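Input: structures, listed below.
Heads up, the next two complexes both have chain A, just with different partners, chain B and then chain C.
== the complex of A and B ==
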């Protein structure tokens, strides 16, 4: 029983070491610095579309060519931006987040956590 | 609809039901152990998993409702199909990978893993079951209406068929078969909507009909969909709906389960990316059908809901066999939508009922002899029977309203719990519980008030605020959880640091910190 407690206490200590390490803090900061502004930005863009659709229906009904209106083009652009944002995030996560996480894992392994 | 057309429609619906049960049985033969039964043996690849999520998510509201809304309100409404995918984008960037790393299988599991509190777990369980039931109710009602539109049968028949098929496939196959069934349902639904859409668009192009008039909110189409909650104060109603979709999707009972079947955080991310692509592809078609409806169905027969425009369109474009055939394909797809959403919800609700409510009680009574699969089957029965009975007791509620409310309640309770749990280390047990209780009470109170018609017809702000509560109930829930947590720092769980590392560090780190199993 006591050896079990030793193990779990050692585990807890190591978790706290990771949590307190600068590298882990930086990993989370990198993530927040990219993700939170991006979330805000794309929400603003969707909400702008809704404002236009509600209050600027004349503008949205402006015909660009034939029966193709500004509203239709902006509406389809919403589909396109959803895909674009998804791809941007996924590529960023592969390029920046995963390598940073792998480095943290490596440093933990060698015991030289910063 | 004529007899031949209803014959085709009935055949399509029967084929969909038979295919669902058959694929479910195939899954049953493959699931051998209890753990396979529950989590698909964790061998599900990102592509299958994403198809399954898409299949489960695309309910009747997507298949019939979006086209109906674009038909009656114009392309102004394109924010709605985009909004349905938006929830997954928020889920992807904010919680997908951490949720997978948490190792949680259900939201109550997450609550317990993050906060080490049985009490918060219990509250989350009650909410999951409540939201699941509320979301199941319109699936049964919608199935009844669809079968009635196609064959003229009483609405009771359609809902009974869905209840029985779902019960059989869930209770027999468990999670593994459901993953297969759901993945198949996505592709079935995509085919069922895209093929008729391409054929009809081609006939329109060849027929040289004019382009539809796309934006005339005051024109003859307005008001064709009295059920839609955009009655007054449209900007508030729209924002509130969008907020509910954005932050409610992650809290829906049948969503988190699918993240557990990913091998690691990056795989959870890949799955979500594919989900967004699949949903985006699907949602391109309903608006096209809605716009074609504007050309060929300038007015709907009296007493017909705009939701049925998809089913009526083919015969209006090309009367005769081709039209009947296309209608039948669309009817089959709509039924697939009811079946898949209802099964996904039933598995999740049954999982929570089994794990958190039934197993304990049954083990106490029977001394733990009951096999796990038996109690899961009993839980499935309970999970289906109650909303099925409720669909009889509350026939007045409209489909779009009920689904919207399930999203609003999720966004006011489980959404904040997940976001704060993943991102805020100082979340305390008391704070989390207070947020869940306050958000849940407000959103559910608004739902009950709306179902009973409080303030209906008065035309003021009150019915709008009650019908679309997310814009006020969600901020109140977040604020309550944060303020109470700050006031009760001593109830921050002692292992919060460890939980945060597990959520945010890559799997390799956690695997190395944890001692080897056994």
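== the complex of A and C ==
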């Protein structure tokens, strides 16, 4: 176990080399290009819902059929999108992120980073 | 105490709860034979699967406030109670997409491990530990405060002394679990409790469903008739102040990924892939449970009635137990009561592990002793700290008995969102983040959220305040999130752009490690 503030120079150089490699830059870009827009999307949708619930309560109270209101449907839609984003991300990470990270880790061990 | 408010069979309730304690204690003792190293005590040997940890996270997250509190809020205020559960659920996407995996790959035992990774160790670690203790303390107090009201309803104990004794028993039991079981034992208690909770709520939901031919519109019809108010289907009954509701929503959605006891659970799995699977399981189970509470809340309104719920000894929090009694009589009430007690016990145990780990690992071992402590001594300190925290929780619980649980939990979320989340995100994603930025954001977020709460209507100035006779509430909102969260992000940015600090080696190590898992802590093999 290495102490956190005291890594050897060789180790530091190795990590910096990995960080500067094109392969790592691509992995980081792949990851951020997926999670940042997704985060923006679900936050925007959540706050749109919150704002509708506070400032458009008449609209939310509109009955679609029986006692089922727009508010209930949109609320349940928040559940549906949360489940959907969870599945989409998990599937993407298993298929794209994990193999890329594993390949990089393998190249790091062999010392043939691109 | 009038007989009418006492429901169920006290002996049966105690017997079922006693059975739960016996079974879980047996399991805790069995799984804890190997509980010697620091990784065992803090992280359960990192040997749990993603599914197991996901169920345990569910157990940790569905505290008494979300089980009893949300069902009660929907029963009394209708739609506004549902809004709470949506914020609590959507919040998990922040943890899933941005935090869980990177944190698992970077840290060892605590939130501070990650935050101080590439910054100056001692000041950042201290600040992170202070915030961990602060958030955990509010959360702990909320759970213990809830225990009192629950006791009143379920065991028919209405005098303060009797309730205080039961709070002390719950606290002492929790200390036993933590000392014997460490993180491994506590995790198993969470798993069993989560399974019981979802099963119990599921049975009640189906029961209500059968009564209404699985027609939710018919259920709403009855709920409206009972309430005499069609507005229970619409937003606005509970939250009169629009800005206040937006402020609460910010705290809810950004709070979860800053809760130290939730973050610590990600260290109990062997890899970041398993950390991801944990969150996926947790999201499905928590979402399912909140869908149940929607039916249970309106069901309690339709079948029990809000007047009867408000008049019961536990007040709003008694909606779910009263519905259980209405549906399945003494036996179902006994089971649901035992589950509710188990909930408090398990959540309190998880919080105590987190707080004791933060004190022993961050403050004692790293800050005071500068990393010269042996892991054995560190765990010894952690165990002693757990006893002290347990004792404090008992005293705090007795003192806070009767306070509003939902308020205390929302407070914990607001502090977590303001004091922790900005620094977590900056340190994972922003290259130029510095120690000054971290300290300003963490202390600024903590101080601003606490101060705004102290000067809010929750503490003074209205009939429902903690001090109804005092009046120093110049801040108009009940929840500080809308001010304190952006302020904390701003302070983190300001502190960083005014300081030149960049540890290129540590930053490279942190980034490579967080994304690839290279060099991340491995599972302990016994």
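By our rule, the second predicted complex is superposed on the first by the 107 of 114 C-alpha atoms of A that agree within 3 Å, B and C clash if a C-alpha of one lies under 4 Å from a C-alpha of the other, contacts with A are read in each partner's own complex, and residues count from 1 in each chain.
Everything that follows uses one rule, which is that a residue touches a chain if its C-beta (ideal position, glycine included) is under 8 Å from a C-beta of that chain, and two chains touch if they have at least 3 such contacts.
Please read these numbers as outputs of a predicted model, since none were measured by experiment.
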| item | value |
| --- | --- |
| Partner chain in contact with A:55 - chain B first, chain C second, else both or neither | both |
| Which superposed partner A:69 touches (first chain B, second chain C, both, neither) | both |
| Partner chain in contact with A:18 - chain B first, chain C second, else both or neither | both |
| Touching both chain B and chain C, residues of chain A | 7, 11-12, 15-16, 18-19, 24, 27-28, 31, 35, 38-39, 42-43, 46-47, 49-51, 53-55, 57, 60-61, 66-69, 71-72, 75, 78-79, 82-83, 85-87, 89-90, 93-94, 98, 101, 104-105, 108 |
| Residues on chain A engaged by chain B in the complex (per definition of touch) | 7, 11-12, 14-16, 18-20, 24, 27-28, 31, 35, 38-39, 42-43, 46-47, 49-51, 53-55, 57, 60-61, 66-69, 71-72, 75-76, 78-79, 82-83, 85-87, 89-90, 93-94, 98, 101-102, 104-105, 108-109 |
| Interface residues, chain A side, partner chain C - complex | 3-5, 7, 11-12, 15-16, 18-19, 24, 27-28, 31-32, 35, 38-39, 42-43, 46-47, 49-51, 53-55, 57, 60-61, 65-69, 71-72, 75, 78-79, 82-83, 85-87, 89-90, 93-94, 98, 101, 104-105, 108 |
| Of chain C, residues touching chain A in the complex | 79, 82-83, 86-87, 89-90, 92-94, 96-98, 101, 116-117, 121, 216-218, 220-221, 224, 233-236, 239, 242, 245-246, 249, 253, 273, 276-277, 279-280, 283-284, 287, 290-291, 371, 429, 504-509, 511-512, 515-518 |
| Complex contact set, residues of chain B against chain A | 74-79, 82-83, 85-86, 89-90, 92-94, 210-215, 217, 234-235, 238-239, 242, 246, 266, 269-270, 273, 276-277, 280, 283-284, 287, 495, 497-498, 500-502, 504-506, 508-509, 512-515 |
